[in-house]
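Two complexes, one shared chain (subunit A), two partners (subunit B, subunit C).
Presenting the complex of A and B:
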């Protein structure tokens, strides 16, 4: 091919910033990440873990109290039959989306920046799904019948209703959880072997050794590993989409105004990724503060990219909100119109929960717009504040969908207010305790950054890498 | 892993030589003029059939070009490297968008009452229509249509202009400007394709509504547009151009075709299932017509042809990296045609399939004209962005 006379120079402002800053070497990465697990338990960890686990215990006590007394201890009533229970379920299951998205979809699309955040995000996913799984189990009331959620052959020949989206939920969530655990664990194996090899105590060596499944890092093992990881990524990708789509079916298959709308599946998925990324940052930013050595691995560039995803998904969610509003008007169905424009927006002061709608709109659509400004995306305080808004907003989104539609339904004579009871409030708070306790345990015992994958994105991993040549080039 | 040097000597600019395609340009022009001429007869003798046929052909090409604008915008918004070598052809396809304003004129000026039943219904006759008169009225309808074309034309032209200017000076400022237009372009495409879909397609039955509709139209548009891009690149390669485009680029384009086949199925299934499950008559009417008589076969074939056939084929890497991707691309474009046909024509022939010569003439007419205009675009600039700062990454692409 003939060549032109001009040279093509990458302008300085377009040169890509390295993903691992300060040109850190592979040994540095191994040392710093492993050190988090190997060092003595820091005081702050105990100061965080004890209150979190205490809150988790309170939550579990509330669940015990509810099981022994029945769902009557909650604030639900005949009109508002679903409230905080399903709100919390959808909230947590939504959060459990970002991890697998980062791990699977960003892996398939060759987004190398995922490597330093995927491990923690995946762990967070699993813990969020654990929290989510509690609510459908206990909201059935007679929890000892919860086994009936699964289609287990029984002597009475009674089966769950296969045409019910609630049953699809059981399949979707349990499949998602299983594949996510496998995916997370598969990615952990090489790093567990590193910890095993570095372990000084016999117990640690033994335990990490068991879970490292005899990993020796041979060529053959790597080949199998990479195939397994790719296949699991391929399997996880449709699951990321299917779980929240099926959750949205719980509502959208009904004829309830505000629930029955065809855009629900992609809208829920976008919302889940949105909320999930906000929670990843909510956890990652303080972790980064506590472990300053991670600064070179989880950089401003990572935060900037995640903020962009929050902006994108927040805007998609905004599109869905506005499309719903538009169709509530265009569809000319007076019940649908009432739900959106009166019960939610509060025209003529008729919306009991319109305040919740405005909280949702502000937190989910308005607040992420701050991320149009680059300096805001790289300002950790600003990012953290916006993420907190998003966390709140995504909880309110589910509350708005569920409670506003039910409380003011077709028949005004059956309208009913809903107030959460202390049991509901503490059960929900308790799930935060469970979530954070599990995450703190994860930080303590497992490498929170995928060491071997991060090494792959450093210049050192390039077969054509010449350290000397690089140094010369810098002059 | 990327190369650490930041300075390369770029490959020579490639210019398209019209001689390479023989008389194709003239053939397309003759098809365009001939097709439009036959359609013009339909305009006078069977106005209603003409209106639906024209809307069908118009929507088909319009959605593909909107898809091209979406892809162009996406590459800039994500600062994408892989696509630099093929991006100019996306830009050339998107650059056709302003011409659609001209092709829409016969519909909006002379055929509106035939297509959109609400057009001539007086206030007070249908309470449901009265309810949404704030949106469905003539003035706002004109204004919206003008808005769609204006914004689409502005963004597509600006992206093309900046990109070709960069060919001359290689300045980074164009990259930054295109990034801004790209981000804005995604918003413009999302809103234009959704609301154009609501106005022109969903409005064929003004009682019917579905919040998913905009996403559904977009899903089909994006997938088929990527397929057309594959074919354009293949044709150019077969004429000796774009030698730097290799199987790695095809691999990525194939992945997008796969992704959007799945996405189309996901959106289509969700919309269908939710409407079927809730079983509300004012919503099911759309599918009732399309599941009745001969339309039922078209609908079933669409599901199989648009998803179940391309899905396993595109899943294989071998398809995406070899000539077979072209066959799949042609297939997807045909399926997009069927999709739009099943959206538009059953609104006229509610009792079953009734082919018309004007369906074909409109398709050949608009297709020929657009093909001819595309070839004109092709000679106006280099075949790939010669001095794009990300060109090196695209040349050295490895999946």
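Presenting the complex of A and C:
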């Protein structure tokens, strides 16, 4: 037998790409993240904050105008009773979902790369839910009656209908906001202690000290802390899936063609995560540009992974759009067929809002397909542009669902066009002002990266880590 | 100043998480009970090194969650069954229509569980506690940055100012300091 010429060599061990690049030490992480809060307010911050807060004020004034004059100042009519208000509500609440996905679901699945983005994403969740909460509150018209939403008998002794998805929504959204606040604050405590210990001014020491609750990083505390964090993550995971499912029930349990479909809960959840990740990147990419010291913490790897999630969820959403069309065709219900193929796709030019349907299709299904290409996923400009498309597309998705179904409903004689009024437009623009102002304040006063968790993913944090052995390459 | 103040304990700093863990194992084996390690982040494996078991925080959370489910059940059942029966979509209140209450039951379970998690965490960690003797140790402020510490309390039966100091130094403790109350 001929001698084998094959030599067996062990293939080189695959090295994990480090989450914190350049092998940064604990102190470096503390310094760079705390410095954002401790340094003098940069000029760009004022230049961003002033216009944003101005827009927020305009939005609040529009809300005041609407409250004092009634919903008639909006463009809604008897046929199109829900329009921008609910579109904006679903848009904002969906954005929040990415933050909870990053903080809870990626925690349970042990995705360590989440550590450097979870704090900012969770803050985004809270601020998005604040914006979302405005719309259901004001769209009831007589805002002083909004307490009728609470599960108590109203002034006439009438109880709310516990079987109504609108009441479920009250429970879901308020629970979601409360649990998100608790989760976020629990995560903040050790980092607030860091700021307390570094604070120079008395006021900062006092305020951070109060909110840090006297945290002293003792292991007897960490033991319960880690369990609490795990439990909160475990609670938030089904919660976040339930919230958008319940939001989708608002539509799915009705009899409107285009709403009355069983696919809505998963389709809405996927869309929420999709739109939320786009918003996370929309605000993280500029912050990364403004704080170049964070380059080693929020790396190209993070952007790449988020782009992959956008690609995945965007494709799920595209699949859901096609399933809806198929069911409309196969279900042989002529009203549903009309909504999908005439009002939305616009066969024979019969759809008033077909253009919105195509905007949605292009932004949500076509544009993220660019992320199949690796160089596009790591190209910040390309990622940012696609994310802007997704933000627009996800807003249009809700607009298409709500307005196309309502404007051209069962009876052609009751069909009615819908145009937003200036009050509606500025209220919506105003919520962006509120959202961005809150986020800028967050960046300025709280650590936007979870320091203790980032330290935990560095090699030094491993109690079996021995720096000398590393150099010999036998770790 | 410090002379007439009560001694709280002895503190020592360690170089790294690895060094701290080995030291903690030795303190545990020496039989101390009123001591703690302080780290900038949870060091995995430290519970075992300190001889601590699994956190029992899940128990109050289970109780809280069950309370939430019960609250939601009562909140939906009592009005629908007694105070204000309502027929919606032709569906009266009976066992077949109970699934319509599931979303509320689920949400309140999560809400109550989350609150119990946070309150149980605060109670079990005895927080907020804005004053603690360890904060009197100047070096201790590094615990939230990159400091790894062991603090042995004076009320531990095995505590002796000289012997414990020697032990801490022997196991690699740096800057061994007497902490006053």
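Everything that follows uses one rule, which is that the second predicted complex is superposed on the first by the 453 of 475 C-alpha atoms of A that agree within 3 Å, B and C clash if a C-alpha of one lies under 4 Å from a C-alpha of the other, contacts with A are read in each partner's own complex, and residues count from 1 in each chain.
We take it that a residue touches a chain if its C-beta (ideal position, glycine included) is under 8 Å from a C-beta of that chain, and two chains touch if they have at least 3 such contacts.
Keep in mind that what you see is a predicted model, and the values were worked out from it rather than measured.
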| item | value |
| --- | --- |
| Partner chain(s) touched by A:254 [first = subunit B, second = subunit C, both, neither] | first |
| Which partner reaches more residues of subunit A (counting touched residues only), subunit B or subunit C | C |
| Touching partner for A:461 - first (subunit B), second (subunit C), both, neither | both |
| Touched partner set for A:220, first subunit B, second subunit C, both or neither | second |
| Partner chain(s) touched by A:145 [first = subunit B, second = subunit C, both, neither] | neither |
| Which of subunit B and subunit C A:11 touches, first, second, both or neither | first |
| Touched partner set for A:265, first subunit B, second subunit C, both or neither | first |
| Partner chain in contact with A:323 - subunit B first, subunit C second, else both or neither | first |
| Subunit B versus subunit C as contact partner of A:381, first or second or both or neither | neither |
| Footprint overlap on subunit A, comparing subunit B with subunit C | 238, 249, 461-465 |
| Residue numbers on subunit A that touch subunit B, as the complex places them | 1-4, 6-11, 13-16, 110, 238, 241, 245, 249, 252-255, 260-266, 315, 319-320, 323-324, 327, 329-333, 459, 461-465, 469-470, 473 |
| Of subunit A, residues touching subunit C in the complex | 25-27, 30, 151, 153, 157-159, 161-165, 167-168, 171-172, 175, 178-179, 182-183, 185-186, 190, 193-194, 196-198, 209-210, 213-228, 231-232, 235-236, 238-239, 242, 246, 249, 452-453, 455-456, 460-466 |
| Touch list for subunit C against partner subunit A, complex | 16-18, 20-21, 24, 36-47, 50, 52, 54-55, 57-58, 61, 75-76, 79-80, 83-84, 86, 88-89, 91, 97, 100-101, 103-104, 106-108, 110-111, 113-115, 117-118, 120-122, 124-125, 127-132, 134-135, 140-146 |
| In the complex, subunit B residues that touch subunit A | 1-2, 4-13, 127-129, 131-132, 135, 170-172, 175-176, 187, 190, 194, 198, 209-215, 243-244, 262, 266-267, 270-271, 273-275, 277-278, 280, 282, 386-387, 389-392, 399 |
